[in-house]
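Following are the structures in question.
In the two assemblies presented below, subunit A is common to both, partnered first by subunit B and then by subunit C.
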Partner chain A sequence: MKIIGVAACTSGIAHTYIAKEKIVKAAQALGHTATIETQGTIGTEDELTPEEIKAADVVIIAADIKIGGRERFKGKKIVEVPTSMVIKAPKGLIKKIEEELKK
Partner chain B sequence: MNELTDQFSIADVITKDLINLDLKAQNKEDAIIELSQMLLDNGIINSVDAFSKDVFGREKEGMTGLGQGTAIPHGKSDSVIKTSLAIGRTNRPIKWESLDEKPVNIIILFAVRNTDANTVHIKLLQRVAMLLADEDFIHHLHTVESKDKMLELLSKEPAE
Partner chain C sequence: MWKKLQLKKHALTAISYMLPVVVTAGLLIAIGNLTGGQVIENYKMSYSLPDALVSLGVLGMGLLAPVISAAIAYSIADRPGIGPGLFMGLVANSIGAGFLGGMLGGYLIGFFIKWLVKHLKVPKWAQGLMPMMIVPLLSTLIIGLLMFFVIGVPIVWATEAMTSFLAGLQSSGKFLFGVIMGGMAAFDFGGPVNKVASLFADGLLLEGVQEPEAVKVLASMIPPFGVTISWVLSKAFNKQKFTTGEEDNIKIAFPMGLCMITEGVIPIAAVDPIRVIVSCVVGAAIGGGLSMSWGVGSPVPSGGVFIIPAMTDPVKFTIALLIGSLITGVLLFVLKKKPATDIAIKDDLEEEVDFSDITIN
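Presenting the complex of A and B:
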């Protein structure tokens, strides 16, 4: 499945980027692809393109704060979790999404 | 990311003087103070009190223990002169709020200037954060035997 998402944490220094890496690694390990935008202290990086959003099967919002541009995902399946959850159990989260999407 | 390392290296945000593999602290507060003192001694921050206050403030907002004995306290503070890292390792694990509810003995303190026009340093810190998503990297943090080896480890490219 094609996963996209946004990661953002309180100070935008560390957890945001750990969360991004964890999602990407776990997705790869489970045979999926993941493209994650980061909204950190130095602004937005790897901004999702409209094409990526259109093609995505699911949107993971791994954030401890309100993210910018949420309206871009209107009509998409959105999974919202704190960054800590993604850092702790990234594979568990993706497996759960796999099951949800099968329903 | 490769462009970044072509022009800048991890040495821009951490040096041997900012690594202490024999931290004396036995609790979280002392560990943050001890690392902050090291930052002060190296001209990275201008006040241990002001900086550690901002770090403790961040601690209240959410846990910085990542699990596997590693914590990443951080402070974005007016007292920071140059965005940098300080790394400490304790012999005995100390109590810390962590995702796996276990104590830590590797503490990576991120010191970030409040208004940093230079995003390069912040990007170098981000790279270190990305490395922390790798369990092998964390394993090596616990086992490296020298400051040189620690610097070498931190220079690794995050695997995409």
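Presenting the complex of A and C:
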């Protein structure tokens, strides 16, 4: 499964990046790939390319605040969660997504 | 229904955009004050570098309500919310409604614009005018007038009523007067209630009455000090009460508090308003009551810890300040709940999380 996503937290200096790392690591451990864009206070980093978005199976938006560029994911399968959830249980979340997608 | 409105997400977006502004403005005022600067009243006269720093910071503080309001409106209504949101923040400043008024204005205009964009149908030739003229003009006009006449007018009434009430009280009970002044000054961190107390104290200072000014100075410092104390307590007893984000904000709020800038507490109060405001008001009220009944006066209207030596009784002032801050700190420590979003950085450790709400759209 190809996962892409966006991470953004309130202060935009810590949780954003922890969330990104958690998703990427959990995805690898479960045999998936994940590319996550961060929208911190410093601005957008690792911006998703149109090709990455096109190839993705699911979009994880891990954000406590409004994210920019949401319209890029039109027509995609989107899962929206707070950053705390992916930080606490990234593997659980990905497994849950696997289940939901099988339905 | 409430959950669908995502009120918290909009407020968090506002805090996210406001933080760099409040930190920069606060530190500029602090540096300026420390180097002896004053707000520039008349730009046609000469002014010093410290004066310029203080003024820059004060201008930045004036941006708080507009930034909050615009960010909330943006979070709700996307790009069309930004312009009209800025207007609502300016109205909040002018009618003296402070950051709470800015939040309210942002929510009102954000939802209004969202509704307008969805339901207002215009002929094809006018579609280009929708984002440029129709939506911003209609929303700013309608919600703006609502802010002026429905929200602004009661604030003016309340301000007048409070001022005459305080004037009547001033002669009778000193402790009670101090309690009310202190509580008001700490209530909304530079908002309308604080402004009433502040202007009242400044007015009395001009007449040579110095005690209320001391209460004002004291009550402006108790919220940042109290919040810092409750954070220290949470560390000392190893009980988590604040998220890492809140901890970072407290580390900034404390040095701002030294300079009597209460606004540093706003990011912490906006997440958990009732507990934070209650603790701050109780601590500041008791500190204010003590300062007033001990007869401490301040000849200077602002300056934080650096003007304590100028007080008529620096020792008693410091004691009242410490007692008030301790009460706020302990109270907040007791009231505050363990944050829901604490982070476990340990890898591979998964917590139990309820995924039942998750839907894939």
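Here, the second predicted complex is superposed on the first by the 103 of 103 C-alpha atoms of A that agree within 3 Å, B and C clash if a C-alpha of one lies under 4 Å from a C-alpha of the other, contacts with A are read in each partner's own complex, and residues count from 1 in each chain.
One rule holds for everything that comes next: contacts are C-beta pairs under 8 Å (C-beta built on N, C-alpha and C of every residue); 3 or more make two chains touch, one makes a residue touch a chain.
If you're wondering where the values come from, they're calculated on a predicted model, not measured in any experiment.
**Q** Under the stated touch criterion, which partner chain does A:Ile87 make contact with: subunit B (first), subunit C (second), both, or neither?
**A** The answer is both, since A:Ile87 touches subunit B and subunit C.
**Q** Which of the two partners, first being subunit B and second being subunit C, lies in contact with A:Lys77: first, second, both, or neither?
**A** second
**Q** Check the contacts made with subunit A and report whether subunit B or subunit C touches more of its residues.
**A** Partner touching more subunit A residues in the overlay: C.
**Q** Give one of first, second, both or neither to describe whether A:Ile42 is in contact with subunit B, with subunit C, with both, or with none.
**A** A:Ile42 contacts subunit B only, not subunit C.
**Q** In the overlaid three-chain picture, which partner chain does A:Ile18 touch, first (subunit B) or second (subunit C), both, or neither?
**A** A:Ile18: touches subunit B and subunit C.
**Q** On the A-aligned overlay, A:Asp64 touches which partner chain: subunit B = first, subunit C = second, or both, or neither?
**A** both
**Q** Return first, second, both or neither, reflecting whether A:Thr33 touches subunit B, subunit C, both chains, or no partner chain.
**A** neither
**Q** On the A-aligned overlay, A:Thr10 touches which partner chain: subunit B = first, subunit C = second, or both, or neither?
**A** A:Thr10 sits against subunit B and subunit C alike.
**Q** Identify the overlap between the subunit B-contacting and the subunit C-contacting residues of subunit A.
**A** 9-11, 13-15, 18, 25, 41, 64, 84, 87-88.
**Q** Inside the complex, what are the residues of subunit A that reach subunit B?
**A** 9-11, 13-18, 20-22, 24-25, 40-42, 64, 84, 87-88
**Q** Could you pull out which subunit A residues touch subunit C in their complex?
**A** For subunit A paired with subunit C, touching residues are 9-15, 18, 25, 41, 58, 64-66, 77-85, 87-93, 96-97, 100-101.
**Q** Can you name the residues of subunit B that touch subunit A in the complex?
**A** It comes out as residues 58, 61-63, 66-67, 72, 74, 76, 99-100, 110, 112, 116, 119, 122-123, 125-126, 129-130, 132-134, 158-160.
**Q** Considering the complex alone, what residue numbers of subunit C touch subunit A?
**A** Touching subunit A: residues 9-10, 12-13, 15-16, 19-20, 74-75, 244-245, 248-249, 340-341, 343-345, 347, 350-353, 355, 358-361 of subunit C.
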